[in-house]
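Labels A, B, C and D are assigned to the chains in the order they are written; within every chain, residues are numbered from 1.
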Amino acid sequence: MIEALSPEAEQRVRDSFLRQGFMRKLGIEFRSIGKGACELAVAFDESMTQQHGFFHAGVTTTLADNAAGYAAYSVMPANSTVLTTEFKMNLLAPARGPELIARAEVIKPGRTLVIVRADVYSNADDEETHVATMLATAMCLKDKEDKPAQ
Amino acid sequence: MIEALSPEAEQRVRDSFLRQGFMRKLGIEFRSIGKGACELAVAFDESMTQQHGFFHAGVTTTLADNAAGYAAYSVMPANSTVLTTEFKMNLLAPARGPELIARAEVIKPGRTLVIVRADVYSNADDEETHVATMLATAMCLKDKEDKPAQ
Amino acid sequence: MIEALSPEAEQRVRDSFLRQGFMRKLGIEFRSIGKGACELAVAFDESMTQQHGFFHAGVTTTLADNAAGYAAYSVMPANSTVLTTEFKMNLLAPARGPELIARAEVIKPGRTLVIVRADVYSNADDEETHVATMLATAMCLKDKEDKPAQ
Amino acid sequence: MIEALSPEAEQRVRDSFLRQGFMRKLGIEFRSIGKGACELAVAFDESMTQQHGFFHAGVTTTLADNAAGYAAYSVMPANSTVLTTEFKMNLLAPARGPELIARAEVIKPGRTLVIVRADVYSNADDEETHVATMLATAMCLKDKEDKPAQ
């Protein structure tokens, strides 16, 4: 069971997501957020493909990285911002449409570094195929705003 | 000095790049290809950003992954296709505009697995800042077409 | 539930383990093997430490890498050998004694590449602490002997 | 050209190395240290092998991890200690004897996180073969002693 966030904490994560122009460009959907967990999804489109016609690894990675980053942000204090410092991605199977879903879960909520696992599934007729797995490190920057500097 | 590819080999790589819808969507530019080396670039746009207004890690990774993949493909035989099986990315500094450049270089050209390093630089007034480094494994699939199955 | 291996397959994995001089040097214990899963353990000793007196990351990694490799080998055919091609390790907490346990599980049993996750726990009074997590790729080499060439 | 450390800074790194029991157990030799760079070496022995008779990946990784960690430590302030938080290793070729050499170089000397690349070479008759490459993140813990807590 994933613990719910306070309305303020959930709003803080959703606002951050909305500030990312790249989420809009890819049409990535914010599905859910809880304490240390986040789910995002994206629909297939010809403009998302690599040369064999599957989702490009760049899409799969963007989805996983963002799910990981917001799962991490959900366990960080209010006056902070989040940065991904590194991640490792294993691509397990062709990422087919019509939909990709990324689910991220915090493994270790350190004060400065938060370690997160994210898995990406291709969803066709409610049958999910595991297409990628990521291990990521997010960093908490305290007393920094989660938006562009003025 | 990077060794030039034969015109046929260069065309094979460029054709593969052109089949990727995601390259067009992001406006990624194919700068150069040689034996075991590839350079790609992308221009800044509001639609490419994360929440602080920098290039999203998904863009940086897409650029590095594709440069790595095509550097690897350049050392593979004609009747083959390339897949990235895994990569690891370290984000070193904010990826600012106006331009990102990825340069990839094959470290180990194995028959089945090709190991590649890719570095991403933010380019402002011809001053480059190292913003990310990737270590990737590409796999050569022989007797497979580098395009969608019919 | 982990599926048991045939006696021949289990023997093949155990024989490989016994050929590794480094396992004896570190006193690593082979706990269990099943289809796609392996557990190894090692006892603390002053000769295993880093500068703060915890298990050295080299010990933790050796344990995880070997558990991952044998979990992968357990799903490979009889006339093959296994090589780790790459792994990524996140160190989550100090690796204290008296015992470390690594548990590996195959995520994707490909024909050529097998992707494995391994987790390492520090075990004190039957209380386990998660100290590290690994994501690894093992490669199956067919028609190759799993021992030194003559 | 690698910049030399002050005698005090060099001593601090060498003392840390000497506190690691695992370095003695493996007979790892401290070759050199400079600002952001470190070289370590180890001699082949039957007790260091995997099942084909090559150096075990655990030895190669220990060597690379420690070279990376001390390259990172060399750019950290005096009243600090170093921890590896994560690394990624690609194994490129069989690690044969008689000697392995690891050379690490800091890519990004951040205040909290230091990113390091380490390469491992097998050295036979002064002919070096590139056997592995690592990308690692080390963390600087300020006002913490680089030795066991009392």
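Note that a contact is a pair of C-beta atoms (placed from the backbone, for glycine too) under 8 Å apart; a residue touches a chain by one contact, two chains touch by 3 or more.
Every value quoted in this text rests on a predicted model; they were computed, and no experiment measured them.
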| item | value |
| --- | --- |
| Chain pair with more C-beta contacts, B-C versus C-D | C-D |
| Taking each chain's C-alpha mean as its centre, the one farthest from chain A | D |
| Centroid distance [mean C-alpha coordinates] between chain C and chain A, Å | 30 |
| Mean-CA-position distance for chain C and chain B (Å) | 33 |
| Separation of chain C from chain D, taking each centre as the mean of its C-alpha atoms, in whole Å | 22 |
| Of all residues in chain A, the ones touching two or more other chains | 85-86, 88, 90, 137 |
| Chain C residues within the chain B interface of the complex | 85-86, 88, 112-113, 137, 139 |
| Chain C residues within the chain D interface of the complex | 16-17, 19-22, 24-26, 45-53, 56-59, 61-62, 65-66, 81, 83-91, 146-149 |
| Chain B - residues contacting chain D, complex | 88, 90, 92-93, 107-108, 115, 117, 130, 133, 135, 137 |
